[in-house]
Amino acid sequence: MTTLVNFRSDVTVEYRDHMGDDKRVVEAMLVSTNTTDAADDLKREPGRINYLMRDRHGSPFEHTALQFVVEAPIFVFREWHRHRIGFSYNEMSGRYSILPATYYIPSSDRHSVQVGKQGAYTYEPAETEDQAWLIADMKAEAIENYSRYERRLEKGFAREVARMSLGVNIFTKMYVTLNARSCMSFLSLRTKRETSRFPSFPQREIEMCAEKVEEHFARLFPLTHAAFEKNGRVAP
Amino acid sequence: MTTLVNFRSDVTVEYRDHMGDDKRVVEAMLVSTNTTDAADDLKREPGRINYLMRDRHGSPFEHTALQFVVEAPIFVFREWHRHRIGFSYNEMSGRYSILPATYYIPSSDRHSVQVGKQGAYTYEPAETEDQAWLIADMKAEAIENYSRYERRLEKGFAREVARMSLGVNIFTKMYVTLNARSCMSFLSLRTKRETSRFPSFPQREIEMCAEKVEEHFARLFPLTHAAFEKNGRVAP
Amino acid sequence: MTTLVNFRSDVTVEYRDHMGDDKRVVEAMLVSTNTTDAADDLKREPGRINYLMRDRHGSPFEHTALQFVVEAPIFVFREWHRHRIGFSYNEMSGRYSILPATYYIPSSDRHSVQVGKQGAYTYEPAETEDQAWLIADMKAEAIENYSRYERRLEKGFAREVARMSLGVNIFTKMYVTLNARSCMSFLSLRTKRETSRFPSFPQREIEMCAEKVEEHFARLFPLTHAAFEKNGRVAP
Amino acid sequence: MTTLVNFRSDVTVEYRDHMGDDKRVVEAMLVSTNTTDAADDLKREPGRINYLMRDRHGSPFEHTALQFVVEAPIFVFREWHRHRIGFSYNEMSGRYSILPATYYIPSSDRHSVQVGKQGAYTYEPAETEDQAWLIADMKAEAIENYSRYERRLEKGFAREVARMSLGVNIFTKMYVTLNARSCMSFLSLRTKRETSRFPSFPQREIEMCAEKVEEHFARLFPLTHAAFEKNGRVAP
């Protein structure tokens, strides 16, 4: 059997569910003062959320949840899983399933050359033919890599053994659940923006995930997102 | 000003919101094997959830949330807040608000005498007149306690100073968010049941909270709750 | 039996143990680059730790521990226990022990009057006679409070019942273990300094604990503490 | 440049530091009862630790630390990093360093064939010639894999790009800090023993790490380890 190998240069962050909204954050905050906003106080929400963000009162943002199904290569999940607090994960297992034949390959315009000093690299495009070579090289390797994987499975080796040398650019899938506070911590470290008060140097591929997470976050929690942006993208 | 002091011998655990259900747990589990159940596979859910519980695969239960507004005395919250992982809290603040005049008083049938050895106490009823004395004594003290609190506030002392000697039986209120996994950890330690594989010795008042939490949990996640019960009430 | 009640206006944060030092933080950092510093590179440590702090690389600071035995009133522990991540606690139990007769009473120079608006209060001294009244009032209440507690115990009521109305200013004791990263998070929120980039408004009594924690921290991790101070007392 | 590729069929868990011991666990426990053991009470330690384990009083075990430097392949670290609570990690970075040319290859006696049903696989040896083929195949692939990696680096591609297709069997190194409680949770899930009350099905390679962790743990905390073993290897 020879399975056709698929190549992707993108990632998927599919919305699955969420709990709460900006109003919920304010509600949780108002428990502190044992008050509730009257219906005509909704106009106070932006100021209240901005106050929480500015003064780093982080806990009210935790009474929320965001849930996604993510498809990305292993090297991205390796970075993502280092976020431990306020994150729950379930990922496709190479022990319990045969991983599908999909590999990450940089796009032709992925900036692939690092410049600057360690810890603060920036990235520039490679020469066109170099980038083309890289892509062809990675495709060839992926095809070979998956072929060896399948051969081992066909010979009867255990999945957990056959998968031992899969490349970190093979795709897997995970369920991830986080809250608005852990989401902001993630965005703060995994995106690079002009508006950030603190520098960050994410690898582009996890930033691609973070940008999609941020779109969902901004849509579901618009006031919280605006306050995050206004306060230098520092997680409270 | 003399505010009338209220006495309560119960607690409140009001449902506020939740995310996910038993089916979600199975969905998160099936990411591992990269499969999904067909519509007619729903009958497999109980077995699957039981398998997760029995073999302590805890992470699929985390892709859920339960959210409550709880009213209970401080001595209960003191115990509750020791649950750190998978719990988010926002509580009424004695620095930002004037705590309302509500105190916990044991009911006439609260078992108030400890017997047995330390670490494994059981509780028996006190003599009727002793229990009556206790209740009267605690009521008198609460009235005095709140009166001193108000006098300090009236004299212009800061809330954070006036509240310094409030009794741990004064009620406050909190927002609490947890997930099905942290919920089971809480129930495992804060209830005492025949069906428990491991012993636990909760104070009755936090158990009263836990029982109400369990009602909500059993209603929202019936298969998960049944598997928890079937497997000795051990959190996975 | 009438136990003499003790009054304290201070707190205790006694050093118990620690693990690691500034050099350990650098060692953990250098795993990233698979390098080690030669002996004569020790002069690079301050710069390296400053880089970690500035760019919010927090994880290397976690490979350390600080351990204290703290004596403080319950209202302080209530705030402290809200720090969930990187904190381990074991506290004297009112269920398993009879709490000693020691209560917190504000000192004569404790600033007891709040001014300014909610969420950003500052505190000023009360009139001398008002403060004296407050102290006398709290002492009288504490004596009465402990006397009722003892009477209930003498009558045979369970410890967990007798303690139900103890004031939140009674002292207990706890073992607390944290790491350099969680320590900085604690200091950032529980002290108020000119050098802080973000505002914070701790209650004075937990700040008294935090100041003692900070002395130990600065002594054990001088370079980390200096970098924390230099970078606006923001936890990485 | 062609770097010689090294093959390993083992892992390294090197002791780096620790804090506390069995006596510390008892000390933290005794804070609850506000007592201390006299010198001649040391004989009570085993019973006390056994009581904590049996009744799942987990927090006293947290006032300890163990610290290791681990060398293992990425597929092992992928599993290890799913332990989030009470674990701190710093790992060699493929963005900041060039990963050394060391790959994991199964030994000739690694059981490589799975039997039984999903979720409860057991493993048996493959035919001798099949295992030899597997080892040769993985070695050839590793040499090719590292050669492509080096070629990309030589052509000037960024480290984070060149490393994108490294096999998950390449070795990296990490600093890991945990405490006695999180250690027992890890051992409970990542070893498979006759004495375990709950079943577990770890991949052999992470179990190899866990066995080395357990040796250090048993040496540093002999009474805690004995109580863990006696109580069915269930983490408290």
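For clarity, chains are labelled A, B, C and D in written order, and residue numbers in each chain start from 1.
Quick note on the criterion: a contact is a pair of C-beta atoms (placed from the backbone, for glycine too) under 8 Å apart; a residue touches a chain by one contact, two chains touch by 3 or more.
Since the model is a prediction, treat every value here as computed from it, not as a measurement.
Under the touch definition stated at the top, subunit C and subunit D share these contacting partners: A, B. Think of subunit A turning onto subunit B: fitted on CA atoms, that turn is 180 degrees, to the nearest 5. In a homomeric contact, the two copies may use the same or different surfaces; for subunit B and subunit C, over half of the interface residue numbers are shared, pointing to the same surface. Chain geometry summary: the mean Cα position of subunit A and that of subunit B are 34 Å apart. Computed centre separation for the pair subunit B/subunit C is 26 angstrom, with centres defined by C-alpha atoms.
Subunit A and subunit C have centres, each the mean of its CA atoms, that are 35 Å apart. Contact with two or more other chains is made by residues 33, 59, 82, 85, 89, 96, 118-119 of subunit D. Residue ranges on subunit D touching subunit A, taken from their complex, read 73-75, 77-78, 81-82, 84-85, 87, 89, 94-96, 103-104, 106, 110, 112-114, 118-119, 121, 123, 126, 130, 133-134, 137-138, 141-142, 144-145, 148, 151-152, 155-161, 163-169, 203.
Of all residues in subunit D, those touching subunit B in their complex are 33, 51, 54-56, 59, 82, 85, 118-119, 188-189, 198-201. Across the complex, subunit D is touched by residues 17-20, 24, 27-29, 31-35, 59-60, 62-63, 65, 67, 69, 88-93, 96-97, 99-100, 173-175, 177, 179 of subunit C.
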